[in-house]
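In the two assemblies presented below, chain A is common to both, partnered first by chain B and then by chain C.
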Partner chain A sequence: MMSYLKLTNFELSRFFKMYLVLIGITLVMQTLSVVWTANNYLGEINEQLSSGSTVEEAINGWGLFSFDFITRGFWFSAPILLCIASLLIYVFFIWYRDWLGKNTFAYRLFMLPTARLNVFLAKATAIFLMVLGLISIQLVFLTIENELMKMIVPNTFREDLTINEIINGFDYLRVLYPVSFIQFFINYGIGFMAVIVVFTGILFERSFRWKGIILGVLFSGIALIVFFLPILLHETILNHFFYPTELFILMLISGLIVIAGSIWMSNYLLNKKIRV
Partner chain B sequence: MLVKRFWKLITLTIVIIVVLIAYFIQTSLVVANQFPELELKTISGDESVIKNIQISGDYYDQSNYSSAVMVTDEGSTYREKLSYFEYLEATFPPNEVASFKDEYRNFMRNKWMSPSSYFDNEEYLAYVGVDVATERFNTIYHHDYFFEVDVLNKTTNKSNAFKIKVPGQADYSDVQVMDVQLVNGELKVVTDIGYYHNEQHVYELMVYTIDLSTNKITGDDTLLAVENNEEGDWDGWTDISLLNDYRDISEQKYLLLQKSENKKPESVSQESHNEDGVVEAGWGVTDRAFFLYNLETEEFNPINLSDIHRNELLSTDDVTGHMNDSHAYITYVIEGKLKVLDIRLDDFSVGSDIVFNWDELDISDATQVKMNEDKIYVMERFKNYKDPAKVIVGDMATGDLLYEGEIVMKDVDDETENYELQFYNMVIN
Partner chain C sequence: MIEVKDITKKFGRKKVLNGVSFTANKGEITCLIGINGVGKTTVLNAIMNLTPINSGEILIDGNKINKDSYEKITFIPDAITMLPSMKISDAMTFMADFYNAWNQTRADELLSFFKLDANERISSLSKGNTAKVNMLLGLALDVDYLLMDEPFSGIDIFSREQIAEVFTSHLVEDRGVIITTHEINDIEHLIDKAVLLNDGVVLREFNAEEVRETEGKSIIDVMREVYHA
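Let's look at the complex of A and B:
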């Protein structure tokens, strides 16, 4: 347990500077985007007011300012997409960095007096924590940015939205922040499963190199089929036999089978086949 | 020491847990307050008559929140406020056949939840659905229609499921099951069929008889058929309809049918466009004829109405029909009154009118009328700011008002101008 925690903390530390940079970029870009969008709006309003329009006419022309104006802009989404892309790349890099350089670091990792599976689990946990961390910090940022927006745009021109309304107004945010906890569990559970399967694929490649790529892709394909097997059967030969809750439970089981199978396969590869 | 060593791991974990807990608490509070609690408030009468009703509808909010809602004497339930698994599983709002899912779980697998496909009595639960197999030859589509039949014997708990092709269907374009009845071991499937013939659109109301010992169709009886010209000749058209409550899944010996003639008025200027841009021609009903069909004897009888009733029926649009063991009822709204025509099933004679004065009860035209055994239930379809939706229950035998109530917001502070409620069904259990 201790070595698993140590390894997790170690994996976090290795990416932490980069992680803070990502958080910093998000905060700066989104804050600028709030200031820029709000000022742009106020500029248009002021221009119309100085040309003799009443406040009401100006509002009719430009609409009330809400946080949706900001979330729809490129500069708000760009850092979110950057964070997602970075973590996706790091899912691979968290393994390959250990093989880079002259003195293969992987060699030292695998020589540690602990189960090699701990290295695998620590890497998965680190990725998972970093994803959830970004998700949480983005929520804090949303709250701050919403307050900032209120400070810039006067009451008369503003339609205040709650955090939930902001998320509602933007589709992909709803995927990241579902309303129900169970949906949250499903979304991130599937994500976690995907990370574990990709890790296994990477270990196939690290074990058998070129041949391993084919095996890895094959393994991922099988994992995908196993996970969706209940739905595939339900839609084809079983002719819509299951009720939604039953299908949910079956998918939960097939998901757990995929996770368990991947961890078992990774354990085997790490102990018997891995090449450093 | 430990904290210092693991500070990154600990900080990140704490941030995640605190923020996500705060988020989910806040979200659940938002969801809880998103939709106002509704209640069925009694104005006068006997509350016990509304103990078994469920009124379902939709709630719309200006800020784009909408949800299906169900109101009973115990309060309101919104679909959006159901738990994840309730949301996943439930037929919401529950209709007349929703409870079968709990009672006959295996039988109900892979079946449409449309009440018109079901028949239920003490011994049997029967289902007839329509399945379509579509084939495409270049640009021509060919449909093959099948009845999917399943009959559950409640005492043996065995079901008899089979599929049969709907006969004589070379060019059918639409097949719908309107009602299912079980008469002396035979299934009677009331079916609405549409097809094109010689550039005419034909509608037929048929009754197919399915023998449950051989699982074969042993008879078909066309009750009513009309041909309407789809293009050009738009002077008028004929309508046929089954007036029995299609949501009623109980045993009914008779079908109440209506055939109406509609004519285009002399001056075309009476045509107007409604909000959706649909032409609302001032079509006038020039004739309404009513028939009763006995499912057991297969006798077809016209109902003879007095001239007064006939004329009144020509100046109203809202005609509904109902059935119980010994009577058929036709209801319509005229001059602020709901009139109920009471037709005896033994000799098809029309009894004296039963009248409910809607003007006195402050009920608008937009209502739904339901009947259950010897009671009539009426609800208003709309509720908005400060305007409640009325619900009344009347006695069919005496014409007395048994209950008067209204759907209102439980908390008066929830009343805003920004919402609209639409009710579309009342389930009487």
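Let's look at the complex of A and C:
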């Protein structure tokens, strides 16, 4: 257990600088996006007011400014997409960097006096914590940015939204911040399962090289079929036989089977087939 | 004792090891000798379970390798096994964090013996100093067996002398050492047992001292005989 925690901490510290850069980029781009969008709006309103329109006419023309104006802009969602893309790439890089170059750290990792599965679990946990960390920080940023917007745009021209309303008004954020715990469990559970399956695919490649790519793709395909099997049966052969709750429980079980199967296979590959 | 029993290893269709067997005892230096590409490194990787074998068996003190074995046996490859961004001191801290067998006093002793700067980054080390750091990280573990892959490969004469000195010191005393090399001049007189490999098979396994006494031949003489034949 101690080794697992130490390895998780080690994996997190290896990505820490890059993580800070991502957080920095997000903060700067989104803050600039708030300032720029709000000032643009105020510029248009002032222009209309200076051309003789009343406040009501200006509001009727441009609408009340809300945080939705900002979230719809490119500069707000770009850093979110950048973070998602970086973490997706890192799912692969977290393994391959230990083999690449002349410094083969994989030697050291696999010679540690601990179960090799701990290396696998530490990497998966690190990815999961990084994701949770980023969405937590984004939530804090949303609160700060919302307050910043209120400081820039006068009350008269503003429609204040709660954080909940901001999230529900924007597709990306709705996925990142589900409204219920069940939905959160589903979204992040599926994400975690996907990471575990991809890790197993990577270990297939690291064990069998070219053949391993085919085996890894096959394994991922089988995992996908097993996971969606309840829905496939429900929609085809069983003709909508299950109640939604039953379907949810079956999907939960199939998800757990996929996770357990992937971990078992990864453990086998790490102990019996992996090549450094 | 490390027992390598009839191991075979294929990479694709190529058989790299074809029924390799030998033993290495505690307190002895066993040298795997052969030209590049005969499977010396593969044998060491196989002992450490860093590459799977197709058949055969490897036992360490009668047991198959498991996670606890890494407190008893260590491998010093010819590539550095630490992150380039780490300082030597970070690498030592990493080892101390994970290994109960880590001996900090010995690590400090080795640091001054090799005249290394603990604040130097791994990425900025010369080839010779990289080899020394590798040696440090392996030798500072209180383990029974040490595997070393080409410790003299591509390094300057002074670094070679310093590393060779390690073999006559208390640092390897009472430990079982398996070393691979194709340049045995520096350590020929230290080797207890030699295993000559070629094309994945053991051509000859012999006790160096016995051969010296009974046949009056050095390891290099035997190598000439075996490889020229």
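The definition used in the following text is that the second predicted complex is superposed on the first by the 275 of 276 C-alpha atoms of A that agree within 3 Å, B and C clash if a C-alpha of one lies under 4 Å from a C-alpha of the other, contacts with A are read in each partner's own complex, and residues count from 1 in each chain.
One rule holds for everything that comes next: contacts are C-beta pairs under 8 Å (C-beta built on N, C-alpha and C of every residue); 3 or more make two chains touch, one makes a residue touch a chain.
Please read these numbers as outputs of a predicted model, since none were measured by experiment.
Colleague: Is A:K273 in contact with chain B, with chain C, with both, or with neither (first, second, both, neither)?
Modeller: A:K273 contacts chain C only, not chain B.
Colleague: For A:T114, is the partner it touches chain B (first), chain C (second), both, or none of the two (neither)?
Modeller: The answer is second: A:T114 touches chain C but not chain B.
Colleague: Touch test for A:T31: chain B only (first), chain C only (second), both, or neither?
Modeller: A:T31 sits against neither chain B nor chain C.
Colleague: State whether chain B or chain C is in contact with more residues of chain A in the superposed arrangement.
Modeller: Chain A has more residues touched by B than by the other partner.
Colleague: Taking the superposition as given, does A:S136 touch the first partner, chain B, the second, chain C, both, or neither?
Modeller: The answer is first: A:S136 touches chain B but not chain C.
Colleague: May I ask you to decide whether A:S53 touches chain B, chain C, both, or neither, giving the answer as first, second, both or neither?
Modeller: Touch partners of A:S53: none, neither chain B nor chain C.
Colleague: Go through the superposed model and pick first if A:F105 touches only chain B, second if only chain C, both, or neither.
Modeller: In the superposition, A:F105 touches chain C alone.
Colleague: Give the list of chain A residues in touch with chain B in this complex.
Modeller: Spelled out, the residues of chain A in touch with chain B are 5, 8-9, 12-13, 16, 129-130, 132-133, 135-137, 139-140, 162-165, 168, 177, 179-184, 239-245, 248.
Colleague: Residues of chain B touching chain A in their complex?
Modeller: Touching chain A: residues 5-6, 8-9, 12-13, 15-16, 18-20, 23-24, 26-27, 30-31, 63-64, 83-85, 88-89, 101, 105, 109-110 of chain B.
Colleague: Which of the residues in chain C end up touching chain A in this complex?
Modeller: Counting only chain C, the residues touching chain A are 45, 48-52, 67-71, 74-75, 77, 79-84, 94, 97-101, 122-123.
Colleague: List the residues on chain A that touch chain C in their complex, please.
Modeller: 3, 6, 10, 14, 101-105, 107-108, 110-116, 207, 271-276
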